[in-house]
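Structure provided below as structure tokens; questions to follow.
Letters A, B, C and D name the chains as they come in the text, with residue numbers starting at 1 for each one.
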Amino acid sequence: MRNTFGNIFTLTTFGESHGPAVGGVVDGMPAGIDIDLDFIQSELDRRRPGQSAITTSRKEADRVELLSGVFEGKSTGCPIGFVVYNTNQHSQDYENMRNLFRPSHADYSYYNKYGVRDHRGGGRSSARITISRCVAGALAKLALRHIGISIQAYTSQVGHIAIGRDYRCYDLAKAETNAVRCPDMEKAAEMERLIMEVKSDGDTIGGVITCVVKGCPVGLGEPEFGKLHAALGAAMLSINAVKGFEYGNGFAGVTERGSQQNDVFVNDGGTVTTLTNRSGGILGGISNGQDICFRVAFKPVATLLMRQETVDTEGSHTTFTARGRHDPCVLPRAVPIVEAMAAMTLLDYYMFNKSVKL
Amino acid sequence: MRNTFGNIFTLTTFGESHGPAVGGVVDGMPAGIDIDLDFIQSELDRRRPGQSAITTSRKEADRVELLSGVFEGKSTGCPIGFVVYNTNQHSQDYENMRNLFRPSHADYSYYNKYGVRDHRGGGRSSARITISRCVAGALAKLALRHIGISIQAYTSQVGHIAIGRDYRCYDLAKAETNAVRCPDMEKAAEMERLIMEVKSDGDTIGGVITCVVKGCPVGLGEPEFGKLHAALGAAMLSINAVKGFEYGNGFAGVTERGSQQNDVFVNDGGTVTTLTNRSGGILGGISNGQDICFRVAFKPVATLLMRQETVDTEGSHTTFTARGRHDPCVLPRAVPIVEAMAAMTLLDYYMFNKSVKL
Amino acid sequence: MRNTFGNIFTLTTFGESHGPAVGGVVDGMPAGIDIDLDFIQSELDRRRPGQSAITTSRKEADRVELLSGVFEGKSTGCPIGFVVYNTNQHSQDYENMRNLFRPSHADYSYYNKYGVRDHRGGGRSSARITISRCVAGALAKLALRHIGISIQAYTSQVGHIAIGRDYRCYDLAKAETNAVRCPDMEKAAEMERLIMEVKSDGDTIGGVITCVVKGCPVGLGEPEFGKLHAALGAAMLSINAVKGFEYGNGFAGVTERGSQQNDVFVNDGGTVTTLTNRSGGILGGISNGQDICFRVAFKPVATLLMRQETVDTEGSHTTFTARGRHDPCVLPRAVPIVEAMAAMTLLDYYMFNKSVKL
Amino acid sequence: MRNTFGNIFTLTTFGESHGPAVGGVVDGMPAGIDIDLDFIQSELDRRRPGQSAITTSRKEADRVELLSGVFEGKSTGCPIGFVVYNTNQHSQDYENMRNLFRPSHADYSYYNKYGVRDHRGGGRSSARITISRCVAGALAKLALRHIGISIQAYTSQVGHIAIGRDYRCYDLAKAETNAVRCPDMEKAAEMERLIMEVKSDGDTIGGVITCVVKGCPVGLGEPEFGKLHAALGAAMLSINAVKGFEYGNGFAGVTERGSQQNDVFVNDGGTVTTLTNRSGGILGGISNGQDICFRVAFKPVATLLMRQETVDTEGSHTTFTARGRHDPCVLPRAVPIVEAMAAMTLLDYYMFNKSVKL
């Protein structure tokens, strides 16, 4: 529940922004999978700070070391421990925030919950700890390849700039060709301009990431409480700065009638399928063989590079200006994290589904 | 994962729409709580079919029997088993659907996952199984009373008819005075008219339920993966027909800048608080002492009382018209279910939070 | 953890000795298994009180009703709720023990843990609640049949009367032909005489149950912490009155040298096997294809039909004599419970093992 | 279940004997506890190889690094990641065993379960992975100190040499003053001589470790399935080479009558207590405030420094002689592991027990 994700394929994480290292343990990796270390590192590189002008300027190598569970290039079925040492921390940047509560940040709730907090860089609440998710997600993707499941997320909205809702209208491969990770190149350029503008104001901006899963077999999902979309929702909502989750037609579908929303089954050359996919690939909490599609809302990051008012741990009013190197918009770097969480969830449910029949 | 909800306070459910009974086991009910049977039954009555013209006309008594865990009027700390016998099932209404897949219903995915399915009334995928949630939620509410946590949900949108987003503009107590469970009496009347219209067409309509939690102490929530909103999201997404979840400003907040979204901390007569609550009462996955507020999107029910096309288990195209007694709009009866899931989640997290310190 | 057993195939139980009913929910029953109700009832009959002169004279029908999860004679993969109503409770037999702590009984620890206790018949700590285990164990056995795994337990010691340690010297089928459930008919008669003697003194006596699992495939067990024998040990130690667990050579093997204890692998006509089985069928926490064999120690029941000293809830010294109808020796009726727990554990691990490889 | 131990206070481990490192993540460490690094290292030193003539001659530094969860000397409530790098592995010692199955070792079952195995030094099945348990156990002990719970284990039997069963007859502090860790100095010398003799034969020998927990409050334990002794049993049975577990009078008590075994409650100056403790400090699965006492049986290690017969992965008969540096008797080094597992279990249950009442 706390720092472990999943049921059969699990990730347990540790680490703070300014401690010695972040890392984790993946348990339940299927045995006999080729472990492609370059691929794992490349996934980590997709979330690395400093990759473009619209992300934070921090330069961190973020090299992952696998410490166990791999023998002669293959997974052994034993837990895979891994670590990424923190190498470029500027803890002094946070000294002025040691005793105050940053607005809309986790400082206040952590301090009250635990009685202590590591104020440096957000400590455990920092987005830096999502490194572990990317590593575990890459491992999950290596396993999913064997089953034919692929996952692609992309930025579909930044501020007011949004692309169309139907992912089938885009060449999703293009998303990785621009800094924003949006498959519409024109909108991507607009989004980039907006982020640069927001950044120059010392401000931040939110947006939406869409994720599409292709090749998912029918049958994944465990009603009553382990519905596939409930698991995906919990996974996404556990990502820093996420404020909402919807799948299929989601919130937009509430205004329509059942007769407009139902997906009619047809027999397409011997295969039962649906021509529309308002259900987002999940019926009754179980995948139905169509593409799974969901959207994730991210708030604007709470850390602003402008003067803000707040109170300190003594309750006195004060003002402060955050120092440090921060992202004006988390979406470009959050795309691989969304994919990682989806990959872990799907592999977990795929393994779990094997126990439905003898 | 499958049919058990929660970690410390847990509910395990069983039952199908047309089997002998539905019920469950609540484990982790704190010892020594007064068990008010009338209150539990009244919560069940709030979701009962046939309670108004805008719900299904089925008449089911839905009387709950507690089978254990209560001694001389108080909870003993031992598991509380309970059962509600099914008494008014019309299984023959479903005979024509035995071998076909209803559009946007769980038939197809259940059949493929399990190799068998109970076609009568949706079987396990029926909303009838939410009875168990209402019973367990009522028990959770009895415990939460002692801590001062109260929960109220209400219908905030049906089709295009929506009330304002800020719950503080309404007298929430009014929600229980109309059939739609909406605190704005005028809008409630409009919603009711819309539902009656949809019903007369044999069609269905979706909407949004908003839920407000008051009195929640600071500190509930278990990062990294057990963030409070991730748990609430998973709980809500596990309810039949739910397509989306957002908390605080949710999807609407993505268009704004951080400087517009941050909630500034102030010292209000010795208490640290915030004047705005765009965060929805949760920061970094942990409650911050403000009201918790979230919204849940429900799709229009898939069962229509009109002719629909589909394929059968042999893959042949066919048409059918559902018989039976169905809700044109689930929202009025889903309000207590949303509350029940929120109550269980909060009690679970309250108990869990005790283990943060010695 | 509390009242749920297992990981993939799970049992959640409820009920007290003198409440309305005992029962539970089995979740994770594989779909498509024929549900033989007569077999389930027959397993329950093996633990029923009043089945012979050496058990308690209580007459309880203990009829089980399945409430869900079965459709047209087959399991659906959905949870199976079940209930056994309590019909022959003599609560007044316990009135004199309402405010005192019976020696070596759970009264004192329950009272202190929960602040309340149901004193009637032991409440939740009564062995009556093992009914639920027998029902779930019978369901597990129905599934294990398909895999070719069979389980037989028998009484191997009562007081000082013990049969030989090597189960291969006995025709285990004979165990079910006598009241003690011991496969050595002469020793069975001796044991029966001892129990009758103890009973006539108002006293009780302990013993050992041995359990043998045949047909278990190689590979069940989940190191590091889910070793198969650790799971079996926890399962057995959760049975009322159990004080010890050992597998293979167990405690007896500690006096020998490795060269005397090791089981040498041989190739027997193309099959790798061992000629000896001091390991008890488990190596490194994983089944190795040999018979699994373990032993379970039961203490003499704490409830004596003789005058005993104790203190009451006020701390005053007092004496009492238990009334009611009690077993002088639990072993004969515990044999099916040991089997039930083994069956659930093995099915759970069989299902779990499917997730080791893609 | 697999590589995670515990419910609220949890340990997740990783690592193999000859991989880069062993380590783990402790989740649920209460916040605000002073983290005494020297104490943690000293606990690790108690299990370190090469500490005396009767243990393996391997020299490993086994230095632990904490990677997170500690800030300014105190636990933060966030997960504590830790790592111990492997520095003195002689993988070539195992080259001759790459393709054969060592008798009574985990090779065969691992190979069949996972399809691959790391043959070097036992891989994941090596006792080297208990390092992680000692680290986590030390953290648990630091927390238990605040509650007044202390734990001491000692060697009570090696081969046929056994000390008396009643721990109250010994000064347990003496156990740490000799290499065998036995509180009876004369018997300790005998045991040491036996181990040296066995070692010179290239053979191994088993024994029993007794563990005593003092200061445990009434109320720890979660019936029906989480009985305290069931949890302790599972914890002990998960330790390499363990074959049996018993608490209180255990197997020895089965020969006695209830009237001889019951512990009578008395009022000792206002405190309810028992004069005898045949129950081993646990009644009905819940601690009763008396000392908790249990015994753990260890088999002789399977790795012998003498020629043994076996089959290889092709099924051909072969012989081999193990090389490497092995313990002739694991008990001296297993004492801190038994304590570590007990400490984790008790802290876990202490935290869990907080959720019994509001």
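Note that a residue touches a chain if its C-beta (ideal position, glycine included) is under 8 Å from a C-beta of that chain, and two chains touch if they have at least 3 such contacts.
Nothing here was measured: the structure is a model prediction, and the numbers come from that model.
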{"item": "Of B-C and B-D, pair with higher C-beta contact tally", "value": "B-C"}
{"item": "Most distant chain from chain B by Cα centroid", "value": "D"}
{"item": "Chain centre separation (chain A, chain B; CA means) in Å", "value": "26"}
{"item": "Chain B and chain D: spacing of chain centres that average the CA atoms, whole Å", "value": "46"}
{"item": "Gap in Å, rounded to a whole number, between the CA centres of chain C and chain B", "value": "39"}
{"item": "Contacts with two or more other chains, residues of chain B listed in rising order", "value": "2-4, 13, 28, 31-32, 77, 113-115, 124, 352, 356-357"}
{"item": "Chain A partner contacts - residues on chain B that touch it in the complex", "value": "1-5, 7, 13, 101, 103-106, 108-110, 112-115, 124-125, 129, 157, 159-160, 198, 201, 203-208, 218-219, 221-227, 229-231, 233-235, 237-238, 243-251, 253-267, 270, 272, 274, 278-280, 282-289, 297-304, 306, 308-311, 315-317, 352-353, 356-357"}
{"item": "Parts of chain B lying in touch with chain C, wherever the complex brings them together", "value": "2-4, 10, 12-16, 19-25, 27-28, 31-32, 65-69, 71-72, 74, 76-81, 83, 113-118, 123-124"}
{"item": "Residues on chain C engaged by chain A in the complex (per definition of touch)", "value": "8-9, 28, 30-33, 77, 143, 146-147, 351-352, 354-358"}
